[in-house]
Each structure stands twice: as structure tokens, then as C-alpha cells.
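Chains: A, B, C and D, in written order; residue numbering restarts at 1 for each.
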Amino acid sequence: ETADKRIALSNNYAGNSWRQAMLRSWDKVTKPAVEAGIVAAADPFTTAENQVTEQAAQIQNLVLQGYNAIVLNAASPDALNGAVKEACDAGVIVVSFDGIVTEPCAWRIAVDFKQMGKDEVTYLAGKLPEGGNLLEIRGLAGVFVDDEISKGIHEGVAENAKFKIVGSVHGDWDQAKAQAAVAGILPSLPDDIVGVVTQGGDGYGAAQAFAAAGRKTPTIIMGNRQDELAWWKEQKDANGYETMSVSIAPGVSTLAFWVAQQILDGKEVPKDLVVPFLRIDQDNLEKNLETTEKGGVANVEYTLEDAQKVIEAAAK
Amino acid sequence: MRWLLSRPWLWAYVAAIAVWGATLAFTGGRGGAEVMTAAFTFATFYVIVGLGQMFVVTLGPGNVDLSIPATITLAGAIATKVMDTQNSMILAGLLVAIACGVAVGCFNYALIILLRIPPIIATLSSSFLVQSTAIAYGRGIRIKPPSLLADFTTAQIHGVPVLAVSIIVLSALMAVVLNRTVYGRFVTAIGQNLRAARLAGVPVGGIRFATYVMCAAFAGLCGYLLSGFSGGASLSMGEEYLLTSIALVVIGGSSVAGGFSNVPGLWGAALFLFLVVTMLNTYGAGAGLRYMATGLIIIAVIVAASGKRAVR
Amino acid sequence: MADTPIIRLDGVQKSFGAVRALRGVDLECRAGECLGLVGHNGAGKSTLMNLLAGVFGAEGRIAIDGVDVSGRHGVAEAQARGIRCVFQELSICPNLSVAENARVFHAGLSGFGWRRRAGKLIRDKLDEIFPGHGISAADIVGDLPIARRQMVEIARAFTVTSAPVRLVILDEPTSSLDAHVAEQLLAFVRRFVAGGGSVVLISHLLGEILSAADRVVVMKDGQVVAERPAAEFTRSTLVAAMGSVAAEEKEGPAEPARARSDAAPRLRARPPRQEDGRELVAHRGEVIGLAGLAGQGQTAMLVLIYGRLRGAGKGENGAFVAGDRQQDGVFPLWSIADNITITSLKRLRRGLMIDRAGTRAMAEGWRERIGIRTPDVNNPILSLSGGNQQKALFARALGSDAGVVLMDDPMRGVDIGTKQEVYGMIRAEAEKGRTFLWYTTEMDELRHCDHTYVFRDGRIVADLARSELTEEKVLQSSFADAS
Amino acid sequence: MNAATLPRLARSLLPAISLAIILGAIFWLQPRAASYLGLNLMLSLAVPIAFATVAQMCVITVNDLDLSIGTFVGFVACVAATMLKGGLIALPLVAGLYPEADPATLPFWLTTPLVGWLVLALGIGVYALLGALIHARDLPSIVVTLGMSFVWLGLSVLVLPTPGGKAPDWIRTVMTLKPPYVPLPIIAAVLIALAAHLLLMRTSYGAILRGAGGNPKAIERAGWSLLKVKIAMFALAGLFGTLAGLSLVGLTTSGDANIALRYTLLSIAGVILGGGEFVGGRISPVGAVIGAMTLTLAGSFLSFMRISPDWQIGAQGAILIIVLALRAVIDRLEKRT
């Protein structure tokens, strides 16, 4: 029985389409839940400047306000541990997702980012048996997600010796930044780039940069953003362009919400839950493009039943 | 030669060429022209905001506009939404973007003059409000720019970006404004001595107002062109222009203490900043080394430039 | 005197780029004497004093107490040997208190209770030199009017902790002081010298030099052109020695007083703190004097009127000649020409752009008319001596099309020859219909005014037509209670 | 009786008034905050910010600006979370070289935390050097420190490529102390303010340091070395920045290169909020610490207000504006009297 329980979302960043979709999903799922009296409140909070310290203060304030659970997309996996520990000590349930925290008292809904990076290379290996030169676009330096995905990619390349990463730039998960970085490094790279491995939110920018340099467009892995998918569809229709797209679904925030609700309800929930990433392939591109809001991100939202299934699967 | 050596912008160009040379040394000379094309393409956007920031910084110590990134974002979001991919709306989009900049500029100056808030803090605070407006308005949704705008912003003739040429013309115009018009002289006067300027008959309030508005309008223009160039507006599109716009002005040889500035240096500095990242990417430096090298190179340039200035 | 001079210069030369500021100067300062130093603006007086104080080095020989220190004379050494300097441009820290500024001067003032000791040190000296100064050791210097700041700086130069005070250089110390305080200072200088100290006094007020100095050195174009006991000079021989072309000042009103016009005045203004009905009234073609002790609200009155004139927009136009030129006048990064033309730029336009030939012609014209000593008006303004900078500010105002010219004690640091010329220009311009509001601390200058308002404590306390103007009346209303 | 003392007094009280108002508003919105625990939670993160603000103030005193203080604090946090606890071997970079080594058998120089102290001392040394460089070549500090902000960030990423590490236990212990009656952050703030006040406002050399901001030429003409002044002020900034980093890592328990980027602007805002001015050596150490606390509390105030997420960022701006507008209002009132 959680009708009198209050849940807060602590979010560190709202400045990209993925995060906006994440917040929209939260609203879409939690509002009806509050109306239905499943929980008393489900308020979202976002910090202004994507800073660990700011989020730590936010968590402390949420504790002060007497929330029973905090659903957390963290700015740092370790640096919030102090604040998270204090929350736990005060009897608050903390469930982290996407940007997870390592503090043992918190729950984690993790995506295997490393596997995601590896899958990109595996896909390319299947598609391009000859191998060849790859360009890697990374995210924001010093952030855990960036490091994990990149590790996965490099592991994948190590297992597929015919691939070679000839250039690596940071695009900060931003189309414009990725475009500038790729445009800068392209002239110095060999002409035969066969693939671009990415982290999401940077595929379209990479495509633009290749076009501007007058180069043949290689296989660019996409990151589920609608503009990336739309570009892919355009190319597919025009010349049969093939690639794949993969990212974490922003709707994972709603899974975290249900998990928190279940914990508050007294359910036994393992500390570590894993959700699959959302992958789009050549054959289901159209279907996904249709359901993705113009300018948004391909998404899945979770229901209470979905959440219970995930919990059961992990408990086994 | 003497004339050249006494130019404050010289060092920005020397540095840009050196970094470009270092890049080519690595690739064995391959891709030199293409790197330059890319550099001009992206330097263009730096320069647009740099122009506005330069005039603001010239107004004297403490004058700086930190709301540029948020303004870029808001103008980009509103413009793409207004244009809604239709070519017929291109002009309307431009006007809306600039109007959006003008509105932010007016708000900034109102904080500075009515509430007497120091410009750094005033523009920082207003940037939060503007960013919020952009979020509430656009919700991070990316709308494609009209195709004609996208074509114009990415067009090249024989490897020369058309947009860069347009902005070079604009820069030349702003250089004339700075050096040869009453407005430009007045800005420089205020930057050297505000009290003296007021007593010498300079309409201090009006000039400062015009300058903050102009700076924000340039940021609006940048947001408009940038969203055309990179396939739509995003909430983070302005982020990198915060520190870059200040770095440009100073590396370009203008004085942070105000009262002394020049336009050509902006281009040198913009090319330099882009080429540094390119060089380090080409060398395959990891993020840590890349950050460090960027910082050290910036310091080296400013040290080299200052040595010359002392001689003058 | 048989004893060795405290400091002795032999054939000292100093150049700033192309400007030869000093061309072989010999000079001696001895204990127990006040040396008066005069010369036209830019003659090299301040440069010479900077040299004595060790601010910069120069070619030639410098000996202190007979020991050659050429090449190793610096600020610290000079201070250790008891040489102090009150610079022409203020050298105190506006953000610090009076006591803290005293501490800045004395490396030894540290440790527990330093603030109290520093405060006592400076307070005692202020009491000694300027009785009734009204300055507290805890006052922040920036809050004080310029006259009091100058008093603090002067008093500070005479304070003693570990190093003795033997030679004090005063570079135009009275330029911002009113007559009363200047009198106090000169009396103190006499006492100090009588006690065996040595003072170098630079001033453009020849009366001060003649009354306070024992020996007078006259400089011209970087050289010493005359050196004699003060008693052998009169005002006119001194002026002649300086090579000034100007005629000697006429005594009394230059022309008969005119009746005030009955027409509507050009402007009227009441000080904010005025309680009675008195107000300042100015007609076309009048020169109005603002008198009284320094810092009694005259500058504030001028700024107020200036702001009102500008606010009114069309019609009347005001131009301001700053007295505190560093703060209110000069654009330090600009050339002389740019500094002169700034107020007239709107007139000097062709289309949207500034007419370069026009601005140059204007600057050149004024350089000649007002005699700014520079080879090229495109040189930086800071390459000019203090007085010449002031002339550029005059040129700025007189060259504008302003109907009303407000002058904030504008003759600070201007040499006597130039003053005469400027007085003439003011008269001529007034005849053409311009109105001048002229705050001055010098009694003589009030003689050029058609009407004088005396200020005390932010209020007008007397209102004297030219025919009624006497020094006694001005002094009386400056001090006495307005009863 | 000086006419200027009254406005000065009012203005110097202003930061304290702002703080009181915002605290009052918080207690009104959330009475639970008005407790030992509440104050402890709300203010604990004000401690590192207060240190950083004082560091920034030192630089502002001599008319410079430090755009690198945020990344420097991050660097210190990264060093503290690695070398200060486990020595060189705590660096992922170094640990990679000794994959299977047993900690007990490693040589002393790899495991001693002294290395961490050495690196922190070097950091302060670099700050001092910057001061010297800026003075000697007459450089604009904004650009030099902008460059340094990249250098510190790069070093942090090298020290700690991904967030992690662990703060030394003693720092953690100090930062989580629960003294009776008065929460630690309040005691710490008072101590920081007091120390900075004594150092800059009461010592005799402090007068020289501030004077160098008011009129450098005068200080030089009085025979003081401006070079030494700049070195002293930048070294002090480095010292306070280091303390900021250490106290921060004590609260967060682990390091992160991007942990304190925000401190740069926050510290500038804190100094201004506290009544300092950008040029002219007019500063107020006590005000700066109060400014830092006000800014921290502004964040709490906002989350208690429960604003729509879209406008939460904007509300931060609004708070800054309102607090500073208070200054203008008091100024106006003053003028009228």
C-alpha cells in the first residue's frame, strides 16, 4: 500500500532531447498513477547546471522535504555517494537509473553500456566482413557512460582484428559538436572509412560532416534520435543505405518509478536490475520512426506489470 | 613590417598558421585545404558571437555577456519552429531570431541599469531564464530547418564556404563601425573612462544599451544560422560559446580591460581555436592531454602576444 | 653652506621615446632650505622629481650625501635615505583607510596594534600641518573630497617611523587645495625647513614660490635656465625667466562691470541642499564664478547642471572641463587628437562616418591655438605633461559647439603663460555669447568673472557681482557663519 | 561623524540581511529545515563553496579574475580521492602498470599518501607562478586562467579518467562531524570568514595586498614589490581552492573531474553578492562567505518551492536577480535619505 508515499525524481541535466523525452515519459506515466491514488506524489526536479554538487544539495533537500523515495539520474556514479548514503540513513529509498550510483544502499537500473558499444562493432563485423577503418565519436570526457561505451567499442575492435580505429573525437552527445569535430579530423583521415561508431545523438552530425567534405558516407551507427532515424530512412529509400541504431530508452525513468513504488510497497527487489537497450534495425526502422515523436527519441514506457516482470527476472 | 609587428591581432594569425602547419606535419601535407575549409566553416559561427562580445568587452572592465549561449539556443528553437521547414518562412525566421536576441539584450540591460547588477552576474542570471524559456518553448524537440536555409549555410564554392564569406563582409562592416563611426568611438571612450565619457558628452546609457542589444542580436543570428547549418536547434547548441566568445576577443588582441579592440583578431582567434582541437584530434591525443594542450597553447599565445605589446 | 647636499644631480638626461624631457640638468638640494621649482607645462619638473624619488633611472650622475648612486638609485633606497615625494598625480589607495595608507608608506609599521599606531602617526601629522582638517584615521580615502585626499598624502610624506625625513618633494601640492589650506601647508614648510629639513616645492602659483622658497630654480624645455635666491626674484622677473610670452596679469577688474541683463537667464539652478531662495543664475555671454573653499559642493553643482543640460536634449548644450583629469577627463589609451575631438564628433561626420581629415584639422588647429607642447597630435595623450593634458581638455570644450561651458577648477597644473592665454579665450568666447560656469580655488581667477557665487557646505552663501568682489568678502563668507 | 560611514554600514550589512531573508523564507516553506539536521543538510555543501569564494576574492582583490577555480577544485578533489588515500598506485594510470601486484609488496613510493600532499603543494605553487607570470608579462588574467581551466580539467581526467576513487577517511570524518548544538557547516563558515578577515583586513601586510588593488602604482612607489603581492594573492587563492577541493571530497566521498565546474561562476557571484567589487581592491571576506551561503540556500529554497521542471533553471536566475536587486533598492533608499 503506497497511496500515502511520495516519490521524487532527481535529474541532473535537461539540456538534450533524450533528457526531455525522459522527463516527458515521467510525466506521462506518473501523473495517472498519482491521480489513481497509487502514490501521493511524483515530483520531478532538475538541477540548473549539471553539477554533482548541485545535485547532492538537491538530494539533501528532497530528504528534508520528506519524500519516501528518490528516483535518481545521477551526474556522477561515485561523487553523489555521500548524499545518497545520507538519504538512505534517513530512511529514504534511492533508485538510480541511466546515470547510476555505486553506493550499495541504492538500487540500480543499469543498461549494459559496454555491451552496447560491443554490439555496434559486432553489427559492423557482420555487415562488412572485409573490415576496414573506423572513426569513433565519443561522448563527454570524464563521464562514466562515455567511458563504458568506448570500452565496449574497443573490446569489440580487439575481437575483430580486421577493424582499425583510425580516429577518435569527442562529440559530447551533441549533433553540432560532433559535426565540428568530425569535419576537423576528416581531412587528415584515410579516404576509406567504412564505419562510424557512435554513442547516440551524434550520428546525424557525422553524416553532415561527411557530406560537407564530399566523402562517401560510411555506415554510421545511429542513436535512436528522430532526426537520425529520418535521415537513415531518407538514405534507405534513395540508395538502400543500411545501418543500425541503438540507445537506452528514455522511458527507463518510468521503470525506475515503478521499481521505487514496488520497494515502498514492501516487495523484495534485488539491488541490481538490468534493462535491455533499445535497438532499431533495417527492418523495423519504419515502425519505430512512426512511433517516434518528430524531433524526439525512440522510446518505450513501462507499466507496473512490465516492472514486475523485470524484477522477477532479476530475482531468479 | 613594423606596421605588421605592431598589429595586436598578429599573434592570433601566427598561432593559427602554426597549429595548421603542425597538423599538416602529421598528415604529411595531406588535407591542408580541406582542414582550412572546415576551419572557416566553423570559425564563422564563433566570429558572429565574437563580434558582439567584443563590443561589450570594449565597454570596459566588468562588461561581458554570459547570456550568449542561452540566446543562441532560444533563437534557434524559436526560429526553427516558426519556419517549420518551409522555405517561404526563411526571412520571417531570421527576423524572429534577431528579435529574440534584441529582447534578451533589452532584458540584460534592464537588469544592469535598473537594478544596478554587475553585467557578469546580470547576464548569467538572465541566461538561466532564457534557457528555461527555450526548454519550456521547444522542449528539446529538433525541427529541421528549411532546405534553402540548410543549403545556404552549408554551401561551398570551390571549397570556399559561402557563409564564411558573408560573415567576413559583415566583419569588415563591423570594423568600420568600430573605427570610423561615432558609435564605435563612443564605445571605446566609455571603455577607457566611463566618468570622463559622460562628461565629454557621450550618451553613456544609450551606447551601452545599444551594445548589449547588438551583442544579443548577434547571438540570435548565430542561433539562426547554426540551426540551419546543423540540421535543427538543440538545447545544448550554445554551450560551447560561453568561454569561447570571451577567449576569441582576448586572443584576438583586444583588451579585457576595455577601450581597445579590433575585428581582424576575431578571425585569427576563431581559426586558431578550431585548428587546435583539430590538431589534437589528428594527433590522436586522449581527452586529458587534449584539454591540457589546449589550455597551455592558449596561455602560450597570450604570453607571446603580450611580449610584443610591451614593445609598442 | 659647507655641508654636502642631500642629493646632487650632474648632467642628468632623460628621454621618453623621441621626447627629451631632461637635457642635462644639474641640481642640488640642501638641508635647511626650500627649493622652489617653476617652469612651463612640460618643462620637465615632474620628470626630475620622479628621478630624485627613484621612480626611474636616467643618464648622468646622481649623488646622495656625496656618494655616487648612479644606476642603483631606487624607491626603497631613496626612502631609506629620507627622501620622500608627493607626486603630482595622487598616489594613495582609495580603497584603504587613512591609517592604512600611512601604513603603506612605512614598512616598519607592522605587528600587533599597527593600525592604532598608524592612525596616531597620521593624525598627529595632520593636526600639525592642517589644524582643523576634519579627517579621521578610519575614513576611507576614496570617500574624501580631492582636497582632503591631497592633505592626507602630504601629511603622510612627513610622517616618521624608522627612516628619517630629510627631503620632501612636493609636486604641485596646492593645486587642489583652497587658499586657506595652502597657507597652512606653506607655513608648515617654513617650519620644517627651519628645523633643518629640505623641501622641493613645485607650483605654478608664483606667489607661493616667492613666499615659501629660499632659492628658485627655473626650468625650460628640459634645462635649468635660471637659479637664484628667491629674494632676487619678483613676480615679473620670474615670469620673464620662465620665458613666458604672456603679459603680466593686470590688477583689478579687466573691464568695467556690466549691469546684468534683464532678459530671461540662460539657466538657473539651485543646489540640492539650499534652504533659502538663493539660486545660481547665468545669462548669455556671462562668466560665472563658483568660489569658496575646496570641496564645498561646487563640483557637484557643475555636474548637476551638466546632467540637466544634457537631459534637456535639444537647444542648450553643455561642455565640461574636468579638473580631476585622470578621473573625469582623459581617455588614456587615445591620442591627443582623439581626446580633443570626442565631444565634437557628431559635427565631424561625413555621412555616417567620421571625417578623418576634419578631426585632424581640428586637433591641429587647437594644438596651435592653445599651445599644446607635442610634435604630433597623434601621440598618446599620456605622453603629455599634466598641464598640457589639461590644455587638451580645454580644447575639447572650447572646440565644441556647447553654449554653456562648465569648468571644474580647470587651471590645475596649467602654467602662467597658458593661463593668460586661456583667460583671453574665455573672455573672447563669452563675448560671442557663450556662458561659462567656472569653479576655481584661485582668488585671482575670480576677477575674470562677471558674477561670483560663494559656496559653503553644499549651499550658496554669497552672491557677488563683479563690482562687489573683494578677496575679504569671499574669504569672509567662506568661513564665517552666514548670519 | 563622516557622512559616508552610514551608507557603508548599511551596505556591509546587506549580505547578512539577504541571508536572513532567504533563511526565513525557507523556514516558512519547510519548518522541518529549521533544525540541527536541516541546517546541516542544507549548508554542508556551502563549506567548499565558501572556500572557493574566498579563493576567488583573493584574486579579485588585485583586480584579476580566476576562471579556473572550478576546475582546480575538481583537480584537488580527484587528487584527494586517489593519491591522498592510496598514493601513486591509486591512479588508474599507474595501477594499470602493476596489474597483479599485491599492495603489501609494493615499494613505499607507490603507496605513500605523501605523493598526494606533494601534488597539492605543487598545485598551490602553480597558482603562485601564475600570479608571477600575470604580473611580469602584464597578462589579462581572464585568458590565462581560462587556459588554466583547461589544464586543470585535463590533469583531472588524467588522474581520474572516470569518476571514482575514495576520499581519505580522516577528511570524511572531519566533514561529517556532528558537534553539539551548532551544526558543523555554520562553525566552519564562521571560521573561514574569520580567518580570511584577519588575514586580509587586519594584518598589516593585508593592507598592502588590498592597496595593490586600489592603486598599484602607489604601492609600487612606496617601495613594495607588486610581484610579491600578486604571488601572495594567487598562492592564497590556490590554498583556499585546495581547501575547497578537500572539503568537497569529504562530502562527496569520491572524485570526479567535472565535479565543481560550476564553482567558477558561483564564486564570482558570491564575492559580488557579499559586497565586493570587481576592481579597486574593495572586498569583504565576511560578506563573501555570507554570499556563498546565500547562493547555496537559494538552491534549497527553489526545491522547496516545487516549481515546474521547465522553469527550475530559470528560477535560479530569478533568485540571483532578486537578491541583487535588494542591493539596488537599499541604495535607492539611502540616496533618498
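The criterion applied here is as follows: contacts are C-beta pairs under 8 Å (C-beta built on N, C-alpha and C of every residue); 3 or more make two chains touch, one makes a residue touch a chain.
Here's who's who by UniProt: B = Autoinducer 2 import system permease protein LsrD; C = Ribose transport system ATP-binding protein; D = Ribose transport system permease protein.
Keep in mind that what you see is a predicted model, and the values were worked out from it rather than measured.
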item: Longest centre-to-centre distance from chain C, chain (CA-based); value: A
item: Between B-D and B-C, the pair joined by more C-beta contacts; value: B-D
item: Distance from the mean Cα position of chain C to that of chain A, given in whole angstrom; value: 71
item: Centroid distance [mean C-alpha coordinates] between chain D and chain C, Å; value: 45
item: Centre-to-centre distance between chain D and chain B (centres being mean Cα positions), rounded to whole Å; value: 29
item: Chain B: positions in contact with at least two other chains; value: 128, 131, 135, 139, 255, 287-288, 290-291
item: Multi-chain contact residues (two or more partners), chain D; value: 153, 156-157, 161, 312-313, 316
item: Contacts with two or more other chains, residues of chain A listed in rising order; value: 14, 48, 141-142
item: Chains that touch, pairwise; value: A-B, A-D, B-C, B-D, C-D
item: Residues of chain C touching chain B in the complex; value: 303, 306, 310, 318-320, 322, 327-334, 338, 342-343, 345-346, 349, 352-354, 356, 396, 400, 402
item: Residues of chain D defined as touching chain A within the complex; value: 30, 32-33, 38, 41-42, 44-45, 48-49, 77, 153, 156-157, 160-165, 248, 251-263, 296, 299-300, 303-304, 306, 309, 312-313, 316
item: Residues on chain B engaged by chain D in the complex (per definition of touch); value: 61-62, 66, 111, 114-118, 120-122, 124-133, 135-136, 139, 243, 246-247, 250-251, 255-257, 286-299, 302-303, 306-307, 309-310
item: Chain B residues within the chain C interface of the complex; value: 176, 180-182, 185-186, 188-189, 192-193, 195-197, 199-203, 255, 259-260
item: Chain D residues touching chain B - in the complex, by the definition given at the top; value: 67, 133, 137-140, 142-144, 146-158, 161, 265, 268-269, 272, 278-279, 310-318, 320-321, 324-325, 327-328, 331
